[in-house]
Every structure is written in structure tokens, then in C-alpha cells.
Amino acid sequence: MKNDIVHLDVQDISLSFGGTQALLNVGLDVYQGEILAIIGPNGAGKTSTLNCISGFYRADRGDIFFEGQDITRTPTHKIAEFGIARTFQNIALYTGLSTLDNLMAARHVHMKSGMLGCMLYWGFAHRENIEHRHVVEEIIDFLEIEHIRKAVVGALPHGLRKRVELGRALALEPKLLLLDEPMTGMNLEEKEDMARFILDIHELQNTTIVLIEHDMGLVMDIADRISVLDFGRKIAEGTPEEIRDNPAVIQAYLGQEY
Amino acid sequence: MNWQLLPQFALTGILAGGPIALIALGLVLIFKSSYIFNFAQGQLLLLGALFTWYFSIELELNLWLSIFLAVAVMALIGFAIERFALRPMTGQPLLSIILMTLGLSQALQGLALLVFGGAQRNFPQIFSAGDPYKITTPLVHEGNNIILILKQNLVWSFVVAVIGVIIIGGFFQYTRTGLAMRATSEDHELAQSTGLRIRRIFGISWGLAGVVATVGGVLLATSSGLDLSLSLVVLAAFPAVLLGGLDSIPGTVAGGLLIGLSQGLVKVSKVPIVRNSAEIMPYVVLMIVLLIRPEGLFGQKRIERI
Amino acid sequence: MLRVNNIEVIYSNVVLVLRGVSLEVREGQIVTILGANGAGKTTTLQAISGLLLSQEGEITRGSIELGDTRIDHRPAEDIVQLGIIQVLEGRRLFGHLTVEENLAIGAVARGHNRRMIAEDLEQVYRYFPRLKDIHRRISGYLSGGEQQMLVIGRGLMARPKLMLLDEPSIGLAPLLVQDIFQAINQINKESGIPILLVEQNAKIALEVADYAYVMETGRIVLDGPADQLAENEDIKEFYLGLTQVGERKSYRDVKHYKRRKRWLG
Amino acid sequence: MAIQRPAGEFDFSYAYDMATIRRRWQWVMLLLFLAGLYTLPLYASRSVVSLVNRIGISIIAVQGLNLLTGYTGQISIGQAAFMTAGGYISALLVNNLGWPFPAALPVAALGAGLVGLIFGLPSLRVKGFYLTMATLAAQFIIPWFTRQAFPEVLNGAQGLNVNVPVIFGIEFNEPGKYIYLTLTTLIITTVIAHNISRSRLGRAFVAIRDNDLAAELLGVNLFKYKLQAFFLAAVYAGVAGSLMAHHLRHINSETFNLVDSVLLLGMLVVGGLGTNLGAIVGAIVVEFIIEGATLSAPFFVELFPATAAGMIQALRPLFFGVTLMLFLIFEPRGLAHRWQLFKAAWRLRPFSH
């Protein structure tokens, strides 16, 4: 499980758009095999942080290291090849494809056939398709979405789409999984399922997970550590118990509730 | 290069850019309210000019009355197009809407040919063709001052175009209907939920586009004559709209003038292939801008969220 | 003032989403509809506000009355003119317009003149002082909380007789959720505008509401005064996530995955 | 559900689950159909054969457009321009360098593909309308180039006369013979298009179409695959352009024009975007409608005698434009989608749901 190796090292990144400072000197150490939750008010820079890690935004200042490699300026699509996968706040599936093809599409970085190979298909590309289908079926089985294997995802209900999106991230066989509000808009039962999947991924694959979530009960239950952002700055970090009692966090985010 | 021709061609080019800007404005008008890029604007232009010709030459009505009638007919056609062709497309993807206007352009072009025939026509002269304005410049070439010769209709077309642009630009920025149009273009469903009558707004913008197209068509036909290829002029206005960034009215004007200027400038060259490149200059400029500054010269950068 | 009588809604002529929903909003009340995703809460709001039509939905049975007028089968624009304003889920705003332009849209749509718009702006800024500070900003760059204030403010600009709020708390931090609900409560108490509120966050919804309905798969399964529902055992377990003894259940205590044999090869 | 298998048919391996043609009778039907096509010149009239030949070439061009617009979501109104490029290259290779047609065709296709790459370059930074405009730029710049550049070789606006293809001493000089070239090429392009759509490349294309930002974050190199889509579309256009040029035995800058580009896009939409069947069906239906315009011209001449001379020029765009608009309104997902629904309904009969 969790150990002391720093898996992802975000060093004082800053980011601004259109005059608004989205992030200011945010630093994060994510240890190998831990679940780190990032919480904070809306607009505090949580998604921007994930966007910088996954290469969708470029930090104006600061560096990001993953497994010791500097990925600050790595092209976006290469970052996935390093083993960083993510899900999105507003579901971003390939709406016209089936569940199966969504997952197969995420095997992209693990597949090899090039343009010519795909045009000819028989032989390598065919064998490769079958080989990766095994991996994908395993994930489908794990997430209990067999019944929607060949359903076009655009028409699925919200909860299932969230689950397929998690499956698509898993199909990348990530070493680091970034989850952006995986449980928004879910009811209690769906949230329990999702929590179970996240914990299982964590236990079975020892995947490092960074999670943004607003449901404090859930975050407190499943996270090893929590980072709190406010106005683009990190205001606290620690175990759930420490965060729960941190006056700055209560003042900026939690209110008197917890 | 024939340097002594430069001021003349540059100025004529810019003046010719006026009507291009006006035509481009018709495109922006629809785009700003309904997020549709109207590939059939050229055919609206053609129809506007054909109706003016029909009322004034065939029916021998007063020219200004003819233009007024043509404007009215085209506004109605604009409404009708919105009602019967575009409204059923609400909520369809970008490609379907692009194709709808492309299909419309084909249908209208065919219809124009079927009903009016393909012959070249004499178009009534609004601004006198002879007696060009002459401007003596301080620039000297071979002992003589360079004299710029500007055709009256070119100058007046430009003036009318600029006035049109100012009126419509002000309408968008400062009236409540203009605000409603800008809002509707961003999110139809949201606009509807706040109670904006989006169908009426679409109707108004298509009607206005018909009006603008007619004015543009008349301006062009009066300087270059009227036949069915008039609809192709709009192809030079497409890049102007994009150079301006698709939704910026001042940008569109600048784009139109820039295109006129670029077309004027290449004519100065002594190399035949460069001189003959005026017809593709809008697209050459466009390709360069797309590669260097893709959001257009004046467009807003889209806010990308994920 | 608003009565929904036994309505049935069908999407695209095939999918039955509401199977006989009845509810009532009285003068000055906050009424909330609770329920899981896909239970039909948003559809109920859309049926009232007339937005169903643009979603290929249709009310096939039942009626909706505002006072004495039937308002089902009327287009959304007409319903806004009657004073029913829906604030859509997901804080949707006109991202390229400024804050003030966004607010003005709410009034323009009802044909208010400039004087009325200026008056209403003042009132909205009183409820949400933050919006006054940022009134010239492009709204697409606002934070989630500011956007939520903006969309509620836009609704107020229309001088509503009834407001429909769809999931105002979704994706907001706990502190902001409290702020927003405080503002909702204040608007209701001061100006007496009745509010029909659809909400996932059952806890806070039950705190502000006078009356609550619980929906499941297109039906109302439970209703009652909000304070009574908050004490209901089932509500406690399934909507507030509490165990029998009132303790919160931990997400760590859920059953886990067992790997199975795959038969295809 | 997307795919429903008839009862009694089970998947016993992933390979079988993924196979395109699953039953022996389907193979038999396919072979019979192809045999029917190949023997067409034996029993069909010259005009029918000629029409089928034209349809075949259109299908190839639409297949290419489908890869770019249907699968990758990059709207192009420049497909005809790449046909022009392919046609010219092929004509020059055969006429001036004396290459045999079977060698000239693939080289012309590659050449067109490279031209396509140039106009795909803006896809690095722009999408939507902006990219569509870049393809429109191709539609202006390429024909202009053939008119203005190297007049001693390209012969300006006059264009080139193109030699008849000769393979193994056989001259493909009439539709009854030419159709064999077209059909054989068509079979190859169809198989390749199908292979692309079911492999890694096709899934990357669709990923870009459906959600380019997510695709990039999940490891798809957007620029590389968009360029590959542009390249492939132009390669297909090059093949179609070459076939058409040698069939017409003439090419100039207007042989394939803006209207053709719109026509090809229209075929794709009528058939159904992003489906291999759609590219085929769409081309067939639209070609038939245009044929209908020609056939009905005499009737319209009576109504509008003034336009008698330009009647066909008027009716073709009118018929096509109206058809396209009607399809967009009433069958926006194309005929291929309708066919899917029909098949599903047939299987489940007599129960409708």
C-alpha cells in the first residue's frame, strides 16, 4: 500500500488566464500508492491543478515531476503514455461509440498497429484487437457493465456513463489515476458502488489516486490524505482528521458542519 | 513591381473591400444570433439584385421603389428560410447545419437560373459611372504627380457599406434586441428558458440578413453588372468573416478591407502569376492567418473547460 | 398557486418518464422535490416551464394549473411571460456576455424597460453584493459560486411569480451551498416569491423547505411537511445516509469485487 | 441496444464476435452480388453501365470524405480539389512520362494525399468552421494553380487530354470495359475503409470526432491523426480523380469543382455519416437523383421555355439542393441509420418494441 516514494511531485505551479490567477505556487507531493483528495471551494483551482498535471493546461511557472521525470512540458498525448489517466468533471466520453469501443479506444497507447497495418488489418492488427479485447473485458467485468457492453454510451444514464468513464481511464492501465468529481450527481447507492470500485482499484493494482470530490463524508472515508485549495493557493494538507479540525479549512470551505 | 501603381491599387482595393465587408456583415449577423454560418448568403445577394432588376427594368418602376420592394421581398424570403429550412434543424450538429445552408445555396442557385434564366443583364446605374473623382497626390513619378482615379460608384458603395456596418454594429451593442441576439447565439436552450422568443430572434436576424444581402447585391451589380455568377462574390467574404474572428463586427470590417487591399496589392506585381492571384488572395490570406493566429485577428479566444 | 395534477410525460413517443405526478406549491412556500438521478425531478420542472417541447418530450395526460389558468402545452416563452422562471441545472449562463448583460437578459426577455431593469439590478445586487463588484466581468470566467448567484439573480430580474430551481447546490463547496441556500431562503422570505426546488442534497433542502416530495422512477412516493420528512426512517437511511442508530455509514464498509472466470477466448 | 444477434446464434470467441461476415449465406449473397456487377456490361444498356461506373467513382471519393468528415469529424468542402490533384498527377504520369496506368494510379493517390496534408496543417490549431474554411481554400487554390502555374505543362484553363488506360494490351476505352477498373478499385478501397474503421486507427479517429480534448488526454496524438485523416481522404480523392480523368479522357481546373465538393458531402450525409454503408448508399441515391434531373428536363422546358438551354444546369443543383434539405429535415442520420432500424425491426417482428 502507501509508502514513502514520491510518485508525483508538483512543485509550486502557477497559472493565470485572462487576468485571473487560477493557481499560485501550488505544490503537491503524492506518494506511491496513496489516495490523495483535493478539496476546496469552486474556482479554487482544483480542476486547474489536474489539468496542469495531465497536460491540458501549461503551468506558467513551476515544474511537475512524475516518477522522477519532468513532465511539465511533455506534449499532452505523451503524458497518457507515461501512465497518467483521468476522468472528467463533466463526462467526456466518446458519445458515438459503444462501451466496448470506448474502452478499446483507450487502449490506444498500448496498441502498436500503424496506418498501414490498420488498412491491411488481417494478421497483426487483428491479433492485437483480440488480445486487447481480453484486457477490456476484464475491466468491463470488474465494473459490472457487461449488460451495456455494446450499447452506445451517449444514451446511457448519468451514473452508468460515469462508470464507463472510469473504465476508460482504467483501460489505460494507469499508474496514476486522476478523478475529477467522480460522484457528482449520483445517489447514495451509486456513490457506494463508485467508492467500492475506487478502493478496489487502489487495493488490487496499487494505483496512486488523486481525487477531487465535494462529498466530505466520502472524502473523509476513503482518502489517505487531503489537500485543501482556496483562491488558487494550498491552505492545508494532512490526514482527514487533521483537516476536519483545521480552523483555516473550516473557515474557507467546510463551515461549521463537520 | 510597378511601384507607381501602388497607391492607386491599394486605394481601389480598400474601397472594393467595403462591399465585401458589408456582405461579410450579413454572415456575421446570422452567426451572432443563431451560430449558423450561412453558405447561401451569396444566393440571397443574387436574388436581391435580381428582384431589383425585375422591378426596375421589367416592371419599369422607379429605381428607389424597386430597391425598397426588393428589400421587402428579401426580408420575407429570409424569414421563410429560417422558418422552413433552419428551424427544423434546431439542435442538430454543426455539419448538418452547414450542409443545410449549402443545400439551400444549391437549390436557390438552381431556382434563380430556372426562373430568371442565365443571361447577362443591364443593371440600372445608381451612381454615375463616368466622371471619376481625381485626386492629385504629392507623390511624383517620372516628373509628374501621381493622380488617383476613383470611380464614383466605387466610392459611394464604400460609403454605403460603412454606414450599414455602423448601424448594425450599434444595433448589436446597444439595443435590447441586439443583446437578446447575442445571448441567443450562445445557448439556444438557455435563452429559451429565460423567456427570449428565440424563433422571433432567428426570424429577425434572417430577415435582416436578407436586407443586408440585397443592399450588397445592388451595390455590386451597379458596379460590375448582373449575372448569375454574382453569387460567387460572397466567396471572398467568407475569409473576411473568419479573419475578423466570426463574431466581431469591427473585425469583419477590417477583414473585408484587408482582403480588398491584398487583392489590390498583388495587381501591382509584374509577375503574371502573382498578378493573377487576386482571385485566390482571400484564401491565401486566410490560410496564413489560420496558421499564425487561428482565433482570427479580432476574435475572442474561446474559453475551453473540461 | 401552482398545481400539477397527475401528469404523465413521454419522451420521443417511447420513453415514459413521469407516471402520474401530482404536486402543489402554495403562496410564499419553498417546496422541494427530492430523489435520485433519473427519478424524473428535472422532467417535472421542464413540464411546468414548457421546456419539455424542445427536448422532444410531451405531456400525455394530466394538467398543470397556475392559479386558474391551465399552462400545460404552452411554449416556454409564454410560461415565462406568466411569471414562472426556471433556473436550469448546471449554472448555465451566457459565457461571453458580462455579468450585467447576463442579468439584463432576464428582464429583456419579459419586455421590461430600462427603468425597470435599473431598479431590478439594484435589488439583485442587494441580495448578492458580490455581483455588483464584478458586474463588468465576462461571466464565463466567474467561479462556480458566483455563477450560481448570477443565474439566480437573472431569474429574479424577470420579476417572477414562481421560481423553479434545478439543483442549485450541484458541484458547490459545502460553505457555498450554505450561502446559496441562505440567499434562496432570504429571497423567499423577503419578497414572498414561492420556490419549487429540485435538489440532490436532501439535508439542506429539507432545512429550508416548507414541504417536500420524494420521487422515484417517475412517481411521487412520499410527501409531507419538510420537518416531518426529515424524521422519517427511510429518508434518513436512503437520502441522508444515516444508519439505524443515526450514525453515518462509512464508504469503506461496502462489499468488494471477486474475480470471475472468463469463458470467451 | 446497438447490436442484437438473432436467437440461436452465439459468440464462441472474440474473433467471431468481431467478424464482419458471420454466416455462410452472407458470403454467398455477397459473391452473387459482385458477380452480378461484374457481368453488368453483358446485359445492361450502355447508359446504365456508364451510370454505374460514375457511381463507383463517386463512392470512392465519398469513402475518403467519410474517413475525414464522418469518422474524424473534420468537415471538408475540398474533396473535389484533391480529386483535381489526383487527376492531374495521373494524367501527367501516363501522358508525359509514359507510365502504365496501374503504376500511375497509386502514385497519383499518394501525390493527392500529400497535397491534402498541406491543407490539413491548420487542423493543428483550428477546428469547426475555421477548418472547413481551410478546405474551402484548397477548393480555390488548387484549381487556380492548375490554371496559372506551368502553362507549358498544365496547359492553363484549357486543361489536358488524358490517355486511355492500357493494361496488358487491353484498352479501357468505353464504359463497358472501364467499369472493371472502377469496380476492382472500389472493392479494394471498400475493404481498406472497413479495416480502418474497425482497428486502432478508426477508433482514434472517432475519439477525435466525439471528444477531441478527452482523446488527447487519453493518449491520442491529435495532430498526427487529423493529418492522417486528411491524408487518407485526399488519397481516396486522388484515386477517384485519377479514375474519372482517364474515364472522361480530359481534365481541367473545372472538372471537379466546388459544387462537386458539396455534392460529395451531401452524398455522405444522405447515406449516413461515419458508416461504411452510408458512403455507398449515399453516393448511389444522390447520383440517381441527379440522373432524375436530367431525365425530367424536357418536362420543365415546357414550363420555363426561356431557360431551355440551361435547363439541366438549373435542375441539377435544384434537385440536389432540395433533396439534401429534405434529408436533413426528415432523415438527418442518413439512410444507413434507417437500415439499422429496419433490420432491428425485422428481427423482432411481429413485436415492435
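As written, the chain order gives the labels A, B, C and D, with residue 1 at the start of each chain.
Note that in this section a residue touches a chain if its C-beta (ideal position, glycine included) is under 8 Å from a C-beta of that chain, and two chains touch if they have at least 3 such contacts.
Everything quoted here is computed from the prediction, not taken from an experiment.
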item	value
Contact distance in steps, from subunit B to subunit D	1
Centroid-based (C-alpha) most distant chain relative to subunit C	D
Chain pair with more C-beta contacts, B-C versus A-C	A-C
Between subunit A and subunit C, centroid-to-centroid distance (C-alpha), Å	29
Computed distance of Cα centres, subunit C from subunit B, in Å	44
Separation of mean Cα positions, subunit D and subunit C [Å, integer]	49
Rounded Å distance, subunit A centre to subunit D centre (Cα mean)	40
Set of subunit D residues in contact with two or more other chains	14, 213-214, 217
Multi-chain contact residues (two or more partners), subunit B	306
Multi-partner residues of subunit C (at least 2 other chains)	141, 264-265
Interfacial residue positions of subunit C with respect to subunit A in the complex	36-38, 138, 141-146, 170-176, 178, 200, 238-239, 241, 248, 250-252, 254-257, 259-260, 262, 264-265
Partner subunit B, residues of subunit C touching it in the complex	49, 51, 54, 76-77, 80-81, 85-86, 88, 92-97, 101-102, 104-106, 108-110, 140-141, 154, 158
In the complex, subunit A residues that touch subunit D	54-56, 75-81, 85-86, 88, 92-98, 101, 104-109, 111, 113-115, 117-121, 125-126, 128-130, 133-134, 137, 150-152, 168-169, 172
Residues of subunit B that touch subunit D when the two form their complex	37, 85, 88-89, 92, 94-96, 98-100, 102-111, 113-115, 117-118, 235, 238-239, 242, 246, 272-273, 276-277, 279-280, 283-284, 286-287, 290-291, 294, 304, 306
Complex contacts: residues of subunit B adjacent to subunit C	90-91, 176, 179-180, 182-183, 186-187, 189-198, 300, 303
